[in-house]
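There are two complexes below, and they share chain A, which is joined by chain B in the first and by chain C in the second.
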Partner chain A sequence: MIPELGSFALILALCFALIQGTIRSELTVNAVFGQFTFLSFAMLCLIISFINNDMSVIYVREHSHHLLPFIYRVGAAWGGHEGSLLLWCLVLSAWTFAFIIFSDKKLSKTTFSTILMILGWMSAGFILFLLSTSNPFQRDFPLSPIIGNDLTPVLQDPGLIFHPPMLYSGYVGFAIAFAFAIAALLEGKFNKEWARALRPWIILPWSFLSFGIVLGSWWAYRELGWGGWWFWDPVENASLLPWLAATALLHSLIVSEKRSAFKGWTLLLAIITYALSLLGTFLVRSGVLVSVHAFANDPRRGLFLLGYIALIIGGALALYSIRIKKFFKPSQFQLFSRETFLLINSVILLTAVATITLGTLYPIVLEALNLEKISIGEPYFNTVFVPIMLPALLLMGLAPHVHWEKQSFLALWKKMGLALLLSLLLAFLLPWSLGYPFGFLTWMGISLGLWILLSTLQSLLKQKTGLNHWAMIVAHMGIAILVIGVSVNKSYSEERQVKMQPGESIMLAGYQFTFDSLDKTKGPNFESIKANFTVGNEPISAEQRIYPHDQTLGKTGIIFNGWRDLYLALGNSLPDGNWSIRIYYKPCVRWIWFGGFMLLIGGMISLLNHYQKRRGAL
Partner chain B sequence: MRRLLMIFLILLPLITYAAEDSYQFQTKEDQARFSALTGELRCLVCQNETLAASNAVLASDLRGQIYQKMIQGKTDKEIVDYLVERYGNFILYRPPLHLTTVGLWFGPFLLLILSIGYLLYYVRKNQREKR
Partner chain C sequence: MKKYLPLGLFLLIVILLWRGLGLHPNLIPSPLINKPVPTSRSVFLGQVTLLNVFASWCEACAEEQGFLNQLAKNNKVRIIGFNYKDTPLKAKAWLKQYGNPYQNIMVDSKGETAIDWGIYGTPETFVIDKKGIIRYKVLGAISPDLWEETLGPLILKLESETL
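For the complex of A and B:
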């Protein structure tokens, strides 16, 4: 009964979405509310089906098991294809609902309802996709009792509960900015007021996306057992693409708001950002990443998504190319000015987007053309992506100190030269004084991080600081900390793969890991072998778990402080009675996530400023 | 001196009981070479994992083969060529530069140079028109 109610709620939500998309009236607000209510209800039905372990629902059967702990049964609701699409639709309607409540009341009624109509069509398309190709409530009554396929063990982690909702809140949220851009193009109007009204709808999803990516990285680090925090996996890339474009959008929007310039560029970036969110959805949800052949065998989902996305983006770009002339305004700035710096920043970020897209799609295209099967991984991105991003980091420290319209080079050098030289010097001295070897790339990385840190702090000294300025400072320092963390981690991590048995010890980076004992333990739905170690006085243990259906999963052990992580992974038992053990020393790895978290904080500060100002204006 | 001796005596049992590296090399450089090499090769049976990180049997087998070849004094290039001959370019996370991968390797840099070049030209032109 419950799954049928869920299906029914989805159909009602679709009807409301269609009403929202077609009728221009004040009543559409109710359609949004209805849609949000019924999608929430559908999600609730799915979660209840999971809690009850209703194995007649195919989606539940494939992602649950009678032993699966309660909390992961809730999370499993969005742990697979169908459920995560339902989450997509729910998040979109939640954003639309939030837009109605919090949007700037200065927007005209027509604009407001145009935006709602565009969002209505977006929503209708995705709910239709859900109902026609990926209904999570589809049933199949088995003749005999059945045990579920279980949730993939790597997903049985608290990361699963938070990561997808946070990530989706990020990239689905850009739908609002997209609808804004389309409305602006249709009406041929995009002024400072609009830019200000648009701002929170870019800042907020950008903050969520930043944090979602951080959560994903943190999850991969703990769960995958090789001490890495980013693998350039296509699924990771799919989340990074809209983030990079949104970062460009964020900066371009500032110029539109403060200088009334870059209007066409801001609108284009809003379209591109959402297009990349949709591309990510297509890549992850069509199955094309797993294998081109799997995609070709069941192309229904992929083709629907591809067609729908092509329609949205193609339509948007066509509209853009027709209407853009209206927004053209001769620019007032000179070559050496903050405007140019921000434009270069946009260009670099978009080139980075193009690079990652290329690196992600290239193997798929080559394989689809039957040319060759190649892999593109970390070495490629380190060689190509990193050098492209380095100049952006240099500019990041500089741009906040450059004047609008016009800047003298000499004055800039006088102001910033000291910080630049100091960061180059410190990046050399700090590792040296701590006894680490010199490496050119390490030095570059740390220099750039320190440079952003110092120049950002310097801007704190001279200018009067409002909340908005603080938002920039916190976010930029977050990037600085992230860059330093990445450089140090990349260069000075150490690892050993060893054979050992209880009673033995091993040294790594000056830490002695002692293998104390081996336990057999039992969890709610797994049996596990646990290797207990001590480092100094601190206990650390790693496990090998065996889940139902004989799936195995390594659980890593980590002890950390602000400076370094010590990381332990248990491998297989060897014929000679030893165990294969991996230990890692990961300096500054937490800085990466902390830096990412500061982006979220920066975004929140900016938002606070926005609403304070608005209240002040009223 | 006595102190040093004490430290030595305390450390002695640790040295005798110390565990072994799974892949033992004479020098630190070779150890680093091994990590770097296995970190750039793909485990062929996993979803998307390096040979260094994978727990799969085939990956461990290939690690063993690479180790043997390094002990025999083979260079990185010889080892990689051997693996590519057997498993194809799919095993390389750093795709080789071919006719089919020219765009992959040079496209991004070309795009960056062209777009920044165009941007600067555009800003300049705009200024001149204003004057």
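For the complex of A and C:
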């Protein structure tokens, strides 16, 4: 009964989405509310089916098991293809609902209703996709009782509860900015009110996406057992691409709002950002790419999604080509000005987008042309991404100190020269004083991080700091901390792979790891072999778990403080009674995630400012 | 013209992705194709062989087994089993339940020999010619269609080759 109610709710939600897409009236608001309610209800039905372990529902059967702990049964609702698409639809309708409640009242009524209509069509397309190719409530009554296929052990982690909803809130949220852009193109209107009304709808999803990516990185780090925090996996790239585009959009919009320039560019970026979100969804859902995240594929799904993307984004870009002339306006700024800096920033970010897209799609391209099968991995991405981003980081420290319209180079040098030299020097001295060897790229990375940190702090001294300024400071310092974390981590990590048995010890980076004992333990739905170690006086243990259906999963052990992680992974037992053990020393790895977290905080501060101003204006 | 650039680029990507949909990224050619079998070469000499990787914990193997039994019964080709990460006891019980098409079985309970063969899942099947050279590899279960279209003709051709 419950799955049928869920299916029924989906159909009702589709009807509401169609109403929202076709009727321009005050009543559309009710359609949005109805849609949100029924999609929430459908999600609830799916979760209840999981909690009850209703094995007649195919999707539940494939992702649950009677021993699966309660919390993961809830998370399993979006652990597979169908459920995660339902989450997509739900998040889109939640964003639309939020848009109705919180949207800027200065936005014109027509623009407002146009945006709602566009969102209605996008939602209808996705719900239709869900119902026609991926209904999570599809039933199949088995003749004999069945045990479920179980949720992949890798997903049985608290990360499953937070990472996908956070990431989707980011991805999908860009739909609002996209609808804004289409409305502007249709109406030929792009003014200050429009730009100001759009701003929170970029900042909020951008913050969520930033944090979603960080959560994913942290999860992969703990779960995969190789001490890495970013793998340039196609699906990771799929989340990084919209993030880069949205970062460019965020900065371009500031110029549009404050200086009424770059309007065409802002509109294009809004379309590209959402296009990349959709591309990401396509890459994950269609199975065109080999990836740790890939889901089972059904060719109809890929085709439907591709058609949908071609229609929505193709239509948007065609509209852009036709209407863009209206938005060109000779801008008045000199070569050396904040406008130029922000423009260069956009161009760099977009170049990064292009190179990552190329690397991600290149294997498909070659195959499509019947050339060969290749896979592109970390070496390519590290080689191309790092040099592209270095100048962006340099500019990031400068731009906040450059005036709009024009800036004298000499004055800028006088102001910022000290910070630049100081960061170059400190980046050399700090590793040296701690006894680390010198490396050119490391030095560059740490210098740039310190440079952003110092120059951002310097901007605190002179200017009156409003909330908006604080938002920038926190976000930029987050990037600085992230950059330093990445540089140190990449350069000074250490690892060893060894054969050991209880009683032995081994040194790594000045820490002594002692293998104390080996235990057999039992969890709610797994049996496990646990290797207990001590480092100094602290215990650390790693496990090999065996889940139902003989799936095995390693659980790493980690001891951390602000400066470094010590990381332990247990491998296989060897015929001679030894165990293969991997240990890692990972300096500053937490800085990467902390920096990412600061992006979220920065975004929240900016939002606070927006609503404070709005209340002040009313 | 410049303003049509984004649209043009986008359409290009869509076309490529559309072509990409018809492809199978998981079919990575084995580097061992046209190379001699990495282990137990003598077993394979003189007769065309299917080496079928199976395990009692593998559900797709159970589905494939029916078709393999038919092949064995009709003497289409010699089939040798490769028992992967399994225990002999479980494997025996499983063969009793689902049928045993294998003339001989290689046992690799720890999955070590499998590394030499480049095996990364079950079921997988190698086609090996009379000289003990790997000529083809199937990832996943063998379907009657695949047999009719590819494997059957290939094996006929290999049978006609002289040593």
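One rule holds in what follows: the second predicted complex is superposed on the first by the 610 of 618 C-alpha atoms of A that agree within 3 Å, B and C clash if a C-alpha of one lies under 4 Å from a C-alpha of the other, contacts with A are read in each partner's own complex, and residues count from 1 in each chain.
In this section, a contact is a pair of C-beta atoms (placed from the backbone, for glycine too) under 8 Å apart; a residue touches a chain by one contact, two chains touch by 3 or more.
Computed from a prediction, not measured in an experiment: that's the story for all the values here.
Asker: Check the residue A:H549 against both partner chains and state whether it touches chain B (first), chain C (second), both, or neither.
Answerer: Only chain C is touched by A:H549; chain B is not.
Asker: Could you say whether A:L343 touches chain B, chain C, both of them, or neither, answering first, second, both or neither?
Answerer: Touch status of A:L343: first partner only.
Asker: Tell me which partner A:L430 touches in the superposition: chain B (first), chain C (second), both or neither.
Answerer: Touch status of A:L430: no partner.
Asker: Hey, is it chain B or chain C that touches more of chain A?
Answerer: B
Asker: So, A:L361: does it touch chain B (first), chain C (second), both, or neither?
Answerer: second
Asker: Using the superposition on A, tell me which residues of chain A are in contact with chain B and, in the other complex, with chain C.
Answerer: The answer is residues 290, 373 of chain A.
Asker: Which chain B residues qualify as touching chain A in the complex?
Answerer: Touching chain A: residues 14, 17-23, 35, 39-40, 42, 47-50, 52-53, 55, 88-95, 98, 100-101, 103-105, 107-109, 111-112, 115-116, 119-120, 123-124, 126-127, 129-130 of chain B.
Asker: In the complex of these two chains, what residues of chain C are touching chain A?
Answerer: Residues of chain C touching chain A: 3-4, 6-7, 10-11, 13-14, 16-23, 25-26, 28-29, 57, 110.
Asker: Quick check on the complex: what are the chain A residues that touch chain B?
Answerer: So the residues of chain A in touch with chain B come to 224-226, 228, 231, 233-234, 290, 330-335, 340, 343-344, 347-348, 350-351, 354-355, 358-359, 362, 366, 371-380, 383-385, 387-388, 495-501, 503-507, 512, 515, 554, 571-572, 578, 580-581.
Asker: In the complex, go through chain A and note every residue touching chain C.
Answerer: 268, 271-272, 275, 279, 282, 286-290, 299, 302-303, 306, 309-310, 313-314, 317-318, 320-321, 324-325, 361, 363-365, 367-368, 373, 549-550, 575
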